[in-house]
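Below are two complexes that have chain A in common, paired first with chain B and then with chain C.
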Partner chain A sequence: MAVAPDVPSSSLPETPAARRARAFWQGLKELTRNPFGAVGLVIVVLFFLSALFAPYLTPYDPYALDVPSRLARPSFEHLLGTDQLGRDTFTRVLYGGRIAMQLALVAVTAALVIGLVLGMIAGYGPRWLDSILILVFDTLRSFPTIIMGLAIVAVTQPSLTVIMVIFVLHAAPAFGRIARTQTMALKNTEFILAEKSLGARTPLVLTRHMMPNVLGPLLILAAMDVPVVVTVEAGLSFLGLGIQPPTASWGGILKEGYSVLRETPWLVIAGGMPLVLTTLGFTFLGEALRDSFDPKLREAR
Partner chain B sequence: MLQEGISRRDLMLGAGVLTAGCLTGEVIYAQGRTILRSRNKADIESLDPLTMGTTQEREVMTATLPRLARVVTTGGAYDWEPSVYVESFEIVDDTTIAFKLKPGFNWSSDFGELTAEDVKYSFERAKGDSQWKDKWAAFDRVEVTGEYSGNIVLAYPFPAFTLTVLAHGMACVVSRAAVEAAGGKYTVEMPATCGPYMVKEWIPKQRMSLVPDPQWPGEKPDFDEVQAILVAEITAAELAYEAGELDVTQISPEGFLRYEEALPAGSAIANAGHLNYAWLGMNTEHPKLSDIRVRKAIQHAIDVDTALQAGFSGSVIKANGIIPPGLAGHREKSGYDYDPEKARAVLAEAGVSGLELDLKTMNLPERLVIAQVFQANLAAVGIKVNIIPLEVGTYWNQGREKKGEEWKDLQIYLTRFGGGLDPSGYVNWFVKEQIGNWNWERWTDPEFEELYLAAAKESDTEKRAEMYLRMQQIMEDTGAYVWLWHDPESFIHRTAIVPSIVPGGEFEYAYFKKA
Partner chain C sequence: MTPTMTDVLDIRKLSVEYATARGAVHALRDVSLCVPRKKTVGIVGESGCGKSTLIASILHLMSRNARVPAGQILFNGIDTLTLGEDALRDLRGNKVSMVFQDPMTAQNPVIPIARQMVDIQYRERLSTEEKRKRAVAMLRRVGIPDPESRIDGYPHEFSGGMRQRISIAMALLVRPDLLIADEPTTALDVNMEAQIIFLLRELQQEFGTSLLFASHNLGLIAELCDDVVVMYAGEVVERGSVRDIFHEPQHPYTQRLLECDPALVKDGRRTLPTIPGRVPDLRVIPEACIFEARCHKAFSVCRERHPAPVEISDTQSVRCHLASGLTGAPVRRAEPRPQGGGLRRKHAGEPLLAVENLRVRYRTEGFLKALASGNRDPFLDGVKQVSLMLRRGETLGLVGESGSGKTSLGRAIIGLTPCHSGSIRFDGTELVGLPDAEYNLQRRKMAMMFQDPIASLSPRRTARSLVMEPFEIHGIKLEDEDAEAERLFAMVGLSTAFFNRYPHELSGGQARRVGAARALALSPELIIADEPTAGLDTSVQGEILNLMGELQREHGLSYLVISHNLPAIRHISDRIGVMYLGRLVEEGPVAEIFENPAHPYTRALIEGTPHPDPDRRRTLLSIEGEVPSLKDRPRGCEFHPRCPIAEPMCSREAPQARDIAPAHAAACHFPLNREHLKQRA
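== the complex of A and B ==
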């Protein structure tokens, strides 16, 4: 969203904030016109709403055991059946969404913030610091996520926090790389040079003038990374190294379902469908955001 | 795997026979030959009694090498009988067993006849330099009294010696001449065999094939070939069975439940003994659990029936101690009941509140389900439980001092051991010298130690049973145990086969019959 240098002159002078707002609304309009984008947006909104209002959408306690009702098939009473401990699977899917939402918000935001800060420092700072940070980014990126996760869990204990740390270590370098590239592209542009010649201090230049322009592509990447963090959680939980029982998580539901797959496939379907939908939703949304807000793509169209 | 020289017509015929076999529950009849296909869960690494270690290795050994005794189950109890190689077998006194071999059993590769010298060589070799030498501790020597006869002399009385040692694969007899010619040791290439079957071929990572030994003087085996096919994953073995690729295989607890509901056509389920035992253990030295009242409260807080229903749908036997049904000392009832009110009261009396415990378990589906029941049970009495699932190797290091520092923070754990055919093989893990190794509960009791030594030598079955009952009572009184289950080794097989499976879950191929 490097809007400053590209904005055409108009009759009335437009402030940078107004320019960004106009670009945002324009992008949003394009997003909703894109069918995939609209579908993605609906799925994402439903994802957040169902997670937020989970306690109001089901009468069941996700942790209450009812062993005599174990492995019940789907019915009006239990929309997605019950698990091995007789817990309502639909309820656990909804509450599993809360874990996914926490991961999406906290881990992705943390990765974005860390990547943004380090990337801007790398791009704006001295060359030796850039070299060190790039080395760190590339080293972290060279580890396959699940392998790194297994190594970390082996020396800690599995928990939601650990999953978040694993994801941040995995994703922050990607954010950092993009932030660095954007910063390097911007730091010699006329409006930045003008600010500096007027005596603006580096923190002000970075936070007020560069960050808004660097942030755009990172937000698109963040949307695309939500399915990644959700599947990292599912993968680790499936291996028994993620969210621990009795906390409901989609990966945990998949794991429990896998062991009784041939007796009742409902658990695997119940754990797998939200993963598929969330992945599709955020991917569609991310792609559409990129199409809408990337000025180069917009110009190409 | 297709063999060389098989024509397309043979292939079509084989496919037709295989399909028909699958549909009718028949074993394969290929060109007039009957082939029994069983599952090997791991590859063969050694067929030498000195170094063999796994079930599947013993399965091959007991089909190809002589033994003096074999295990039989009579009225739900485990006993032994002299093997087909033995003409007479007599317990002379507490430390002497006299045996006489039948003449006419010849070793392959022209290594002569099976003699008492072979028995002496095999047993004394096993005692001296074997990974089973602990099991041979009671054995002293063999005195050869004739070409076919001898006396097995024990160092001290051990009434279970025949059942636990002589009837086990570790007591397979090898040909002295053949093994010495091979340099005193061997691995998979057996220098000589003397059994109903002989090894036809071993394809590493694929299968072991046995065929009847043409010079076997006894009853001819029912099958023209036994193929022990490597299928490591148990669920894959179940699928292979359903696809007609196997005729007999062990099945998982989930598979057992599934097959009980809907058995494949032409199939039956066989259960070997319930020789495994599981419990919820507590580290008595851990500060959170050092007060016996806390441990007793946990005993009362756990709803074992519900846990077993959730984990196994009732397909296992509820345990009331460590010794399973069929063995001397099996307990019919434990000394505590599920009573959450009492658990709360005992905790209050101990002045404990806000207790948080780590429950370690192997990362297996049924264990995690059961652990969650415990988590809910303990939450109901005010104890927060964090379930920590661990991979198999990591789990078994948790209480062992040689394996790291984890034992220091070990709190409660869901664990399961497998035992043998004598109660001595169950209680031995809980003696004082096992603290830091397998006695993860880390308690000791002088009376338990005395009983352990005395019971192993006691020849009166009733007195022995009383001793083992008392030992389990001592264990329970520590508060460190919640007895959980005895699970069976379960198998599915074609109805065209009558399998022979020893209580520990090993196939006796020589005794498999066609129905």
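== the complex of A and C ==
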């Protein structure tokens, strides 16, 4: 071979796995350099840990009634006091977090996947299909979430699944819109044409070459959507259309606290604080993620 | 030091650093240059050599992480580095103005040209009416037709070449002392480039403005400049008058750069000189001469000491130990030029690809919309009745301005664009109308190399998986994937260390090699290369062209090369096809076409290529105007509105292609230099 091999500066080739690991830690470092990102990350980690290990973090049963000590003030025995049936509020907040986590994981993932698939079909497929999907997206977006929720719950029984469906209907169009725009921008890029010129079939082009490039912004949106789903649940539960008692949920605790607000503020505080915290946590994290992913917002490095 | 008032710009020992997460990049070191009043100074060098940083530093337009540890930038005797933001604003767009590389993004897309041109005269005490008049006059001066009405248009209503003219008009409207042009023609076609260069040359003389012109195109520097500054890796390695640099280059880098230019190598040999290696990482600056690692004339002293600039005449200075007579023991270095082997085959094989009367149409309006507006023919012909033939082992070069249908033709052959009518026979199989499954079988035997080396690679895949992907797509099981990957990488001159690189971690040349390896994976017979040298430095262009030639010899490949880089295409092609408005207007053997073009358009393209020789400056523009819109094809011969030798007949009757000489055909009523034919016609 007359052409001299071009040797890169670093002699040891890294495996793709090692590179991804390095990229992950570098990204994490970048993220925590931003104070909001660091705070957001801490809150989000605490949220997941407390939900996962709820049974080990409290000696109480969230459903055990103890009517004599009802509406107790916070003490060492009951960190956040008790509700009108004497159940330990702190325990119920922890268990409510489990509901919130399920919603966050399942509903947001479902919305992301559905939005991604439909959005990519709209962006890549024929024009008429695009028009139909966009019409569906816009129609769904035009309903206020709670009103849509009320309508759905009116014809079904309130349950966790119904809340998830409501959220997916509300959030998937937003994911779809972004996925569609990204797909359309990628459709005529040279690397996609290059794949086609090799004879690659559409499913391969879409899954392997388009999807990784479409996914980034969607993940950021997903992080910012977690507080939305938690508040949707809380809102519906507050209206009595969400999680049904005696299951503990943050919205449920708020609703119960509201009815005894004249006697004690603690239930409302206990139900509201985690909502505020997770909202802030995920929003901070989402924004920090966006900043560190978007090269235009990043200072020159 | 007293400021010399003869120099508009005098940069003294300037250094610029960029702070990055991985250490400071010493982008400019000890750079000195001056721009005398009413003169044109060219800056030349490969990409990454600091041309753009230098230009940005003059007006403090550097990115925020830049620092200037030393030096002075004297503009009319005032050091701009000491000026505050207000004083700088007073210089920008007033005493100094700029023309940027990309005309498509240099103007605000949502404001009409008139408003933008009136606004930049905000310092003048004139009424809006008068400002507008001045703007119209300037647009007329730069060659915008019908400026009174077109001035109210938006930037997107103008072509790239027109927009660059508008940029120049805006820059000159404020009567600057210094005009800075950063690669102003890189995004344009040969003809447009020639027009812009002529315009700059004329206007510079007319307005007496000094011009600082950065380019990697040596031909343009030779055409336009009085003095030349050669930059390498953030240093000025040589400066002198344009004749010093082009006729007696002293620095080995300058010499190599000139040798590399495909326009200088005229003979038919296929191996082009290159500069091995590449611009070093500027985080750690060695004690040695910065060019030592790539220098073919290096001596031991070059490794030990950094050379200082040496004045070798009144006009020329060079930063090289050789000039001061310091040598020491020569460093043995293999001669980088691969020797021999560049012979052209005498005969080509049987036909591999035969295109007959091919037509590619694009829809301009949707079906319903066209019906509603009564448009009976909502189509454009991207490729119109093209016939050509490519034999095994042969290279056919397709040239023409943008919009001539070269790329459409290439894409139609490989099935990326549907054909409307005609026939494409490839290796005995008719491709037009072939069902997808069978088309895919044929597709294994052809591959395409795309224009942008990096953007044509899927950004989240590693080089290895990209190169191996063709096997996967066509369901070919390999016994030993690693061995195959290694073989393909070695074939294009890449080591296995590149396996896990992502496209953005590759240089343009390396990415081009990965693209080539990918194209070669299935051992194709035909490779369609769309602008294989676009966006690459001259030195790297040679490398890629050499590689293509070598692969052709080893594997008997046939190439269809699409390019508007005529010097490059001249080196690798056996035959040339010239396209205009979707038609093939001339076709013939490469030597015939270049030495004896028959079609005036071909001659114009050839003459439009600048020569890297300051004594051979063009005095006449070979061709005026730009490619007409496909929507509005001229009647008769489609080239007649731009043709310098058009006669009344040309506007009435479309010429048919006819043989001018053996294997040389042209579609022209009055082919050039062929008196006997002309008389018969």
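Quick note on the criterion: the second predicted complex is superposed on the first by the 271 of 301 C-alpha atoms of A that agree within 3 Å, B and C clash if a C-alpha of one lies under 4 Å from a C-alpha of the other, contacts with A are read in each partner's own complex, and residues count from 1 in each chain.
Just so we're on the same page, a contact is a pair of C-beta atoms (placed from the backbone, for glycine too) under 8 Å apart; a residue touches a chain by one contact, two chains touch by 3 or more.
Computed from a prediction, not measured in an experiment: that's the story for all the values here.
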First (chain B), second (chain C), both or neither touched by A:19: second
First, second, both or neither for A:132, with chain B first and chain C second: neither
First (chain B), second (chain C), both or neither touched by A:63: first
Touching partner for A:260 - first (chain B), second (chain C), both, neither: first
Contacts of A:240 with chain B and chain C, given as first, second, both or neither: first
Partner chain(s) touched by A:193 [first = chain B, second = chain C, both, neither]: second
Which of chain B and chain C A:209 touches, first, second, both or neither: second
Winner by number of chain A residues touched, once chain B and chain C are compared: C
Contacts of A:185 with chain B and chain C, given as first, second, both or neither: neither
Residues of chain A at both interfaces, chain B in one complex, chain C in the other: none
Touching residues (chain side chain C, partner chain A) in the complex: 18, 20-21, 63-65, 276, 281, 336, 338, 341, 366, 411, 414-416, 439-440, 443-444, 447-448, 450-452, 455-462, 469-470, 473-474, 490-501, 509-510, 513, 515, 518, 543, 546-547, 550
Complex contacts: residues of chain B adjacent to chain A: 254, 257-258, 306, 309-311, 363, 365-366, 368-369, 371-373, 375-376, 386-389, 394
Touching residues (chain side chain A, partner chain B) in the complex: 63, 65, 67-68, 70, 84-86, 154, 157-158, 239-241, 244-246, 255-256, 258-260, 262-263
Touching residues on chain A, where the partner in the complex is chain C: 1-11, 13-16, 19, 127, 189-191, 193-201, 204, 208-209, 212-213, 299-301
